[in-house]
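Same chain, two partners: chain A is paired with chain B first, then with chain C.
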Partner chain A sequence: MLRLNKVKKNYKGFQLDCTLEVQEGCVTGLIGKNGAGKSTTFKAILGLLHTDGGSIEIFGKPITKIGVREKEDIGVVMSDSGFSGYLTVQDLIPMLRNMYPRFQEAEFLRECNEQKLPLNKKIKEFSTGMKRRLQVLAALTHGAKLLLLDEPTAGLDVIARDELLDMLRTYMEQDGRAILVSSHISSDLEGLCDDIYMIDNGKIVLYEETDVLLDTYGVLKVTKEQYEKLDHAHILRHKKEEFGYSCLTDQRQFYQENYPEIAIEKGTIDELIMIMIRGER
Partner chain B sequence: MKLIINHSSMQPIYEQIVEQIKNKVMHGELKEDTMLPSVRTLAKELKVSALTVKKSYDVLEEEGFVNTVHGKGSFVAFANQGLLLEEKKKEVEADLEKAIRKGRSCGLTDPEIRTLFEIILED
Partner chain C sequence: MMKGLFIKDLRLMKSQKYFFGVVLMMMVIFLTVYTDFSFVIAYITVMFGFLTVSTISFDEQDNGLGYLLALPVSRRDYVKEKYLFSIATAIPGLMIISVLAFAVSRIRGIDFVVEEWVMTTAVSLLIVGVMLSVMIPVQLKFGADKSRVVILILFGGGSLTLYAGTKVCDTFGIDYMSMLDRVAKISPAATLAGVALICTVLMGISYLFSRGFIEAREF
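And now, the complex of A and B:
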């Protein structure tokens, strides 16, 4: 549904070089620390900035050939976008109705009710969580096939995040849909994404299916002596610690079986990222 | 479907799902022809990736616990369960026969073989 091939963007001191793909029926995550290039990638996809190389295709068409019809099939939530604070939700409805021929007004109203989003209060009086949920709702209710969400959970408390992720899971229950979502909160991604791209310094440094990451990757915590005796064949990165080294492996079972005395952790995606980015090969 | 996933366990999530569904089928909690929840519905319930659920459904199908009808869903294949058991019984029979033959061929008497068998059973 979405394909980026060697998309390049040069800024002073930063260069984006990104290749990724989102398949139909999949939720693909993009993680990276702040400034790694997540938002730049989204802006490139949306044509909000000129790229210096590479190609981007949505629904199989280059973005230069995307017309209004295709744009109606895309739902977008960017971290710094929003509706005008002076409008109420009620005001938004005719706007959305006119912008999107497939706007599902009844469903939108029903969800607003369920989510306790007041129809007649000015949006600027909403909390951050409410504003974000309104944005996501608007993106989910116009028949979009592809959702592009740049850090939709940023600034939300735990409960609000969970509710938002649930909205996305419900959205995916129907066929023919896909989501590209970025976050720097990995627990969000563990419970939602099917596969994950890790971006650092403008480049994709890791791509893996979520369950492979959770099932086979691990973090070994070893003393200096243990590290020297270790088989390094499956160590992707290592990082010096107080106690010795932490090592990232993509074959934790191998080490579990051959070195039963070593401390091995499953590792959350956050921990995996930390070593991936901060460790050395 | 009441499945409990332990996210901090070292056991892969898809394995936990397979094991728990297998147990439910074998204990009769999931009866033959019961339709399992769709991949994405279960993924939503368990808050895991849809690919993980798909993997477990694939394994369950391979092992004969589940039949997937394209376009309709996945159904518990209890009848096959009985067949599987029959298959396994035959394999155990064949293995036992082999062991007995070997025992006899190296001069063990039947009572001696029987004693060996009892010892191993007790282990």
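And now, the complex of A and C:
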């Protein structure tokens, strides 16, 4: 569905160098702290930036060949922009109807009602969460094959986040679809994504299937002495702590079996990210 | 796709009720109080011209143009639509105010002969044509905020150049006034056709600049 190969974008003090792939039938997560390069990656995919190298393919076509017809099959949520604030939801309906041949107007209206999005209020008067929900609805109601969702849960409360994640799961029930979704709240992605890319300072620092990440990765909490005696073969990163070291491993079971005296935590994705990004090799 | 953009711009226009209210009020005041209908026609036409430029500002706000271009809209279609929309708003606007001004002049018994009327319409068309040809690409290149400064500089520079040109003509004894007189003697219909041609060429050149600017932009 989507393939980025060594996509580069240079800014002063920041360089994006991203390789990732989104397979059909998969929800792929892109996790990273603010400023890690998530939005730059999305903008590169959407052709909103001129890249300095590498290649991007959507639906098997290079991005330069992606025209209006292909864009009809993509649903987009952007983290830092949206529909003009001077329009109302009612104004958007004829616009979307004319932009997307498969726009599901009744479904869109039903969801707007359900999510309490006023039809005749200017979008600029919407809260951040309402604006985000509107973008998500527009992305979900035109039969898109690929969703590119940059921080779709930002500004949403816990319940709205949960509802949104449910909508995305329902969307994926149909064959031939895929989602690339980013968030800095990794718990959002834990239960949704099939695989996860972790991005830091413009580079992909980790790629793993979510199940593998949760089942085999772990955090060892060791004293300085324990750390020195440890087999470092499966330690990806270590981070100095007051008690000694936190170590990230992708072979939790190995250490559980061979070092029963060591405290080993399964670790949430947030913890894994933290050590992956802040830790040393 | 272009239809979707057109609808969006019409809806954006509709949201500008206060702007329309002010234009309508000015129109009524000018037509009932003023006797200089040439000014009225030019002023209202320019106001209609601003409509297109204002829709670009609304698109740009909060980086909205980036989102719009992530939808099934190509950069070229976006630019094309802006020019078509500007023509579709400025020309009817000019026609309405022209016809209205002519009719009111007859009702109020104001001396506003057909030749003057056609000439005024032609000059108004030229003004709005030049204005849009400059403002659309500048707005697309520099965005809403910076473009205000750029436009001020451009129009200031243009006025200065014109002033300097007249001084140079004076210095070298070039009689530019007689040249203008000759233009004024051309039949109104020919003037209107000539202006329409100049506007078409200007808009064409302007479109090419706008296309280049938007294709180079990042969002």
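Details
The rule we apply is simple: the second predicted complex is superposed on the first by the 281 of 281 C-alpha atoms of A that agree within 3 Å, B and C clash if a C-alpha of one lies under 4 Å from a C-alpha of the other, contacts with A are read in each partner's own complex, and residues count from 1 in each chain.
Everything below uses one rule, namely that a residue touches a chain if its C-beta (ideal position, glycine included) is under 8 Å from a C-beta of that chain, and two chains touch if they have at least 3 such contacts.
Predicted model only: the values in this text are computed from it and were never measured.
Bringing the complexes onto one copy of chain A puts chain B beside chain C with no clash. When the two complexes are overlaid on their common chain A, residue A:Ala233 makes contact with neither chain B nor chain C. Once chain A of one complex is fitted onto chain A of the other, the partner contacts of A:Tyr86 are limited to chain C, with no touch recorded for chain B.
Look at A:Glu209: by the touch rule set out above, it reaches chain B but stays clear of chain C. If you stand at the C-alpha centre of chain A, chain B and chain C are 150 degrees apart, rounded to the nearest 10. By the touch criterion stated above, A:Asp195 is placed in contact with chain B alone, chain C being left untouched. Legend: residue contacts after superposition of the two complexes on their common chain; A:Ala106 is shown touching neither chain B nor chain C.
In the superposition on chain A, A:Ile159 makes contact with neither chain B nor chain C.
Looking at the superposition, the partner that touches the larger set of chain A residues, chain B or chain C, turns out to be C. With chain A fitted onto itself, chain B and chain C come no nearer than 27 Å, counting C-alpha atoms only.
In the superposition on chain A, no chain A position is in contact with chain B in one complex as well as with chain C in the other. Of all residues in chain B, those touching chain A in their complex are 7-10, 12-14, 38, 40-41, 43-44, 47-52, 55. Across the interface of their complex, chain C is touched by residues 43, 46-50, 67-69, 71-72, 74, 76, 78, 80-88, 91, 94-100, 122, 135, 148 of chain A. By the touch criterion stated above, chain A contacts chain B in their complex at residues 25-27, 165-166, 169-170, 172-173, 190-195, 209-211, 214-216, 252, 256, 266.
Within the complex formed with chain A, the residues of chain C that make contact are 1, 3-5, 7-8, 11-12, 14-15, 58-59, 61-74, 77, 216, 218-219.
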